[in-house]
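First comes the structure, then the notes that go with it.
Every chain is named by a letter (A, B, C and D) in the order it is written, and numbering of its residues begins at 1.
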Amino acid sequence: MAAAVSDEAWLEAMLAVEAALARAEAAAGVIPVEAAAAIEAACDPARFDLERIGREAIAAATPVVPLVKALTAAAGGEAAGFVHWGATSQDVVDTAMMLVARRAVDLILADLDGLAAACARLAERHRGTLMVGRTLLQQALPITFGLKAAGWLVAVQEAREALGGLRDQRLAVQLGGASGTLASLGDRGLEVMSGLAQRLGLAEPALPWHGARGRVAELGSALAVAAGTAGKVALDVALLMQTEVGEVAEAAPGASSAMPHKRNPVAAVEVDACARGVQAELVVLVGALRAEHERAAGAWQAEWPALTEALRLTGGAAARARQALDGLHVDERRMRANLELTGGLVLSERVALALASGLGRGRAREVVEAAAARVAAGGGSLGDELLADPAVARCVTPEELEHLLEPGGYLGSTAAFVDRALARWRAGAARTP
Amino acid sequence: MAAAVSDEAWLEAMLAVEAALARAEAAAGVIPVEAAAAIEAACDPARFDLERIGREAIAAATPVVPLVKALTAAAGGEAAGFVHWGATSQDVVDTAMMLVARRAVDLILADLDGLAAACARLAERHRGTLMVGRTLLQQALPITFGLKAAGWLVAVQEAREALGGLRDQRLAVQLGGASGTLASLGDRGLEVMSGLAQRLGLAEPALPWHGARGRVAELGSALAVAAGTAGKVALDVALLMQTEVGEVAEAAPGASSAMPHKRNPVAAVEVDACARGVQAELVVLVGALRAEHERAAGAWQAEWPALTEALRLTGGAAARARQALDGLHVDERRMRANLELTGGLVLSERVALALASGLGRGRAREVVEAAAARVAAGGGSLGDELLADPAVARCVTPEELEHLLEPGGYLGSTAAFVDRALARWRAGAARTP
Amino acid sequence: MAAAVSDEAWLEAMLAVEAALARAEAAAGVIPVEAAAAIEAACDPARFDLERIGREAIAAATPVVPLVKALTAAAGGEAAGFVHWGATSQDVVDTAMMLVARRAVDLILADLDGLAAACARLAERHRGTLMVGRTLLQQALPITFGLKAAGWLVAVQEAREALGGLRDQRLAVQLGGASGTLASLGDRGLEVMSGLAQRLGLAEPALPWHGARGRVAELGSALAVAAGTAGKVALDVALLMQTEVGEVAEAAPGASSAMPHKRNPVAAVEVDACARGVQAELVVLVGALRAEHERAAGAWQAEWPALTEALRLTGGAAARARQALDGLHVDERRMRANLELTGGLVLSERVALALASGLGRGRAREVVEAAAARVAAGGGSLGDELLADPAVARCVTPEELEHLLEPGGYLGSTAAFVDRALARWRAGAARTP
Amino acid sequence: MAAAVSDEAWLEAMLAVEAALARAEAAAGVIPVEAAAAIEAACDPARFDLERIGREAIAAATPVVPLVKALTAAAGGEAAGFVHWGATSQDVVDTAMMLVARRAVDLILADLDGLAAACARLAERHRGTLMVGRTLLQQALPITFGLKAAGWLVAVQEAREALGGLRDQRLAVQLGGASGTLASLGDRGLEVMSGLAQRLGLAEPALPWHGARGRVAELGSALAVAAGTAGKVALDVALLMQTEVGEVAEAAPGASSAMPHKRNPVAAVEVDACARGVQAELVVLVGALRAEHERAAGAWQAEWPALTEALRLTGGAAARARQALDGLHVDERRMRANLELTGGLVLSERVALALASGLGRGRAREVVEAAAARVAAGGGSLGDELLADPAVARCVTPEELEHLLEPGGYLGSTAAFVDRALARWRAGAARTP
């Protein structure tokens, strides 16, 4: 991923734009075919001094001014006169940004697919593995680890589909010339724009989008959602890896420089750090929508590094989340032990509902709350405390209560949900509806 | 819009969820039909003390605990025992949030449609109205005001379509019970979820999404893009309204408390302020993706006010942007005067390209740069300065040069772009491809 | 707090500014004393129709235009001609914002003081209460709960001091007139500004700050730090309240609408939600620094609601964090049990350091890592696994090892740190140096 | 600046920490003096393979694990056993971060000083240079360019003082060991911490701050304020450089790749882009306050790149803002011409106030508004339109009116404000009070 968004990658993308532009213009009869061939031949990244272009870019607030100078020299002869014909800096930077984004997004999509597959494997394998569900960080009701993994799966797939959709539909060529009119291409503007789009495999926009930055903001949003979704998986992993919980462990936990025993959730931690970074870059990208006239004075220039960083960090988040799940060690016994930690409290809802028919709902809830409070205060199990209440004893037999307190019997639609998530995943489309 | 996202609107939406839930459960045979009828009858907002619910909500960190208490009292009798059956607080809040969002988004979409229509009218009327294009806040090349408006139009329409798509596909019912298993609904969970979705006209999700907040973050993103796009239009209006530019004026500019002569771009200013607010709320919404387990401890609770505010402010941005354009006064003479302000400099690209055939491209650019520098230093027009250069005089006649310096002749694809934007708008689909 | 930042509070503050302005101008001989008296008398909030002012504010993008109109009517007679003399909308809104901020900040400071006191009580009482320290959510080394609370204490005090310092030094009057020159006050501008500052008890700035928004951004930052610090306390509380950890419990945990046994960390959760909100508003406030000329077109108008909300939410965060700690139930036995959960692994660093003298540091670490791995794989305690290694047995006796594995003996500077924090707190100055 | 925050700079800083730690520990008798000497000698950046450390850092989620491994090998012999003694990864990273920050902040402060000096020069030279003040992007009242520059000066100085204050007081050493107790240093913890602080010239904190991230967030805030203040200057420059305004020009404007005449405000544009980036990183830094227990799982790891980037970008903003002002070309004639552009409307407030004594304030405002409207509609000057009104003619003579319409006579406290700002700047303390 680092390579896909490196300065080298940007240079390569900008040269690809210049080459394709020359070809498209030659095909439209705007510049000579020989000039286009010479320009294309000159667009070899190895011939350019990246550091120098970077240095000179500052003086013009765009790398295209020094790039065009160097390319003109490289093309030489007649062709020199036709380099960058009719284009402006922004055309090259924006279109190159789309190429860089496409390459990076493809890597991200592959990692999201791998992450989804890892979720699916866990959902399938642990479809019936009992564990406790937790809300507001408190134990709530029994679930299965398969259901938790299915929840991750659907979220990852939905984020992947949104990002994939943008990749296919919104990565568009930008070509407008100095003010978005393609003035210097005469009446061949649309033809050249269309040809450029075809050559680069990018979408053709309705209009040049020099001042309309929706597609960049949308891309940033989709990256933030994808990274945040990877972050959700990672946060759950880190919480489940807590020493006191111990239900899962990353396959390659991290060491400590001080403590020999440490097994840190390093993949999860790095996902979280990446996701925070991406979400901050989004502030730049949505802020850039408020762009002055035909090219913004600052907002646009802030977009390139922000999007580049957002791509890189989303790639990091997706890849590390996948690593966190690949080979994840799942401790089913610990899951079961944690589920039983409260002496049945996690079934309190079920018992209260069951007692409601005999006691009325309000009274049933009071009875169960009182018993739960005794359990929490150090009493016995919920079953014992309930049976000690004569009102309860009149409603249910000890056997019925034991049955009610069996977590595996109170899973509702868990299996159906897991199956549904897996079926959608197999069909390749989790996105609702 | 304020009404659509008010506390009253939230109460109404939560009650609509409780009522529809009871009906869906009765239809699935989970609760008695009579109980559902009584509950539905009790779900009358007028019977609830909003202030008290708000006050008591703090103690439970959710308004649903006091709401259910009040609704249980209101339903009374047998029905009391079946209120909120099988649901958890989050089910009610999340589904209500989708209802509130839908109502607010519908208002926003209407205003975006109105804004698009206003853009289209301007694009059509001013298809050929010459003005100068500006990049980095400097005059660049001639465009038409119609092209600028067409650029707004496409951006607004694309933002509208993205938001509209989310409205139709991603506003989904949330029903999972205390841990996302619908445990207390036994084997009727999916049936009830489906029934609830149908009754409320919301999408049915693959799985409960208590811990998977993608759809809220996506909605926040689409709002931020829509508000930011309105902000782009407003920023252009405010810049064009500058005293020194004076090309447009809002129909109802704002007064000053001190200066009798002031005509402030108040609608544009308020759009900008709203857009900034929405984009900040997005930080909360994408941050909430990193949610703990089956319900987040803080991130989730931060979502409701953030989304509510994002909806309200996007509504403000869209409505005020529309007002900024409706009845916009366009000063075509001032546009023309500004275009001629530089004595032809805005045609420098054209002249340099024209001279390139005679002088070579590099030499032509040098010649034009030198002439432009003399113009900027207080010389005559670009035409005069160029003709004073013998090298130029050998290449073009004064007549040819005069022709080159006519802005209306250097518009490239402007008209085609305007037509394309209008054609897509009329077809109701500007979103690429 | 809600009252301190309500629309009513804003109205009151704006009227206080108008009244003090009139008085200051009368004292400087700018307007008649009688007029000032009449204006002051008219500045009674009860006489103003808040809803109407709000409605009319939209048309001018400032509430001051309708406010001045109403005040002029209320003052009547001669005085009417001297209402708002020499001031502009921004003077009134900005100065009122400072007054609103001061009142809200005072409430926040009181809650931060209460929070600090609660931290100090816990630090004192639990100076020696053993618990485990956790890094990356993994058990690390023994600490005491007093040290944890001392860490909170120092953080809260530092945030409090920063906010208190801004309150005293940076809440300044704004008075510049329509363009920051105080033109209509002739040569009495500085005198009036100074008099206004004195009357309102605000600082006098070097210059009017209509276009220099540093103090607002600084205030927003201090609020974000304060709320985030409260959020750190709350996050620790919520993590320690996890069912599987169970080391503390809020005095008034929240109920669930579904599960009778739930004891939710509601105060902590609400702190977190508030902190997220404040930190988002900061995006607006630092963004507003980039303000156009003598008054920004959008950025300024976005400040008022953002700062108001930041004040309200920081107030919520501080108050709820204080509630989370007041009466916090601390389960010392559970702390001890969790500390022993790993069979001594949390002392692995200590053992490795002790063995280093005999085995060399590298070999000692390997030996301890191997033993730790056997413990983690389900073996016995770290002590047993180490003694089973002949290399270890040669270096330490079982008694020495037992001593090394006693957590209370490996606390380093814990007590000294707690004392230091408490001493600084008692001295009222924790802020370094 | 790039060098000050490079990977090399980080490596150097981390090694400086390890070396100072060894020295401080030797001085406290914790490790042998010879070992400390050997460790210090080994801390030569040239001996370390930065790329390899970076690669291996990923597996541990911290660069310190591979760094310590390499340093241990480099120290060799007895000393190897005493490398990194008693410290944890976070101690090294956090303290190194403070060193990196100090070096970068010093560069930033120098550029802010240079920027302030440039502002002061402009304030002094143009103390009386008339121009128009603009609010909401509309011409308001006369000011002087000196006053505008004085406003920049005060803002820059205040931001500089805040940042400088943090640099001196809040850049503190972090040393806590694995859990913040300095357990492995026995009773020498405080002595070593103090010694480390002295050796590195950093402040000594009350407590280790592994979980209390206030100082990093405060630093981030001060950077965001500094960058945003530079951004305010830059925005004004870019707006004043607009072709239609033309009041200033950067000394080295940027070229366009397409248009020979372009003179882009490149320095200003780059300041704006940098400021946007810094303000986004602040989201990460304030978010990191909500840190889990004794070391955060993600928030902490996100801090390093975010702060590094915030430092780099603030440096860019300050340096480029300084360049924008150094040698700024100021066009006094254009300022005057723009001031007169509206035929006297910018004096409407003054005229209305003057007429108030004769007509009453309300009537005077109406009269002036009506005249202003006629001017705006294409009539003559404000003076002519007013005199055409008999009511006005009865109150003022043409000579009096001419006098009232002289902008230089309506500057109020402008000169006093400029002098005040310059006096404070010369005294080296603009920060209120």
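Going forward, a residue touches a chain if its C-beta (ideal position, glycine included) is under 8 Å from a C-beta of that chain, and two chains touch if they have at least 3 such contacts.
Here the structure is a predicted model, which is why all the values come from computation and not from measurement.
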{"item": "Contact-richer chain pair (by C-beta pairs counted) among A-B and A-C", "value": "A-B"}
{"item": "Averaged-CA centre spacing for the pair subunit C and subunit A, given as whole angstrom", "value": "31"}
{"item": "Whole-Å gap separating subunit A and subunit B, where each centre is the average of the chain's CA atoms", "value": "23"}
{"item": "Residues within subunit B bordering two or more other chains", "value": "61, 88, 134-137, 140-141, 177-178, 184, 231, 235, 238-239, 254, 256, 258-259, 264-266, 269, 272, 275, 279, 282-283, 287, 297, 349"}
{"item": "Graph class of chain-chain contacts, one of line, ring, star, complete, other", "value": "complete"}
{"item": "Contact footprint of subunit A on subunit C as seen in their complex", "value": "132, 134-141, 238-239, 241-245, 254, 256, 258-266, 269, 283, 287, 338, 341-342, 345-346, 348-349, 352, 365, 368-369, 372, 375-376, 382"}
{"item": "Parts of subunit B lying in touch with subunit C, wherever the complex brings them together", "value": "58-62, 64-65, 68, 84, 87-89, 92, 177-178, 184, 231, 234-235, 238, 252, 254-259, 264-266, 268-277, 279-284, 287-288, 297-299, 301-302, 305-306"}
{"item": "Subunit C to subunit D touching residues, read off their complex", "value": "61, 72, 80-82, 88, 90, 133-137, 140-143, 147-148, 150-152, 154-155, 158-159, 162, 169-170, 172, 177-187, 189-190, 193, 203-215, 217-218, 221-222, 224-225, 228-229, 231-232, 235-236, 239, 272, 275, 279, 282-283, 286-287, 289-297, 349-350, 353, 356, 360-362, 410-414, 416-417, 420-421, 424, 430-433"}
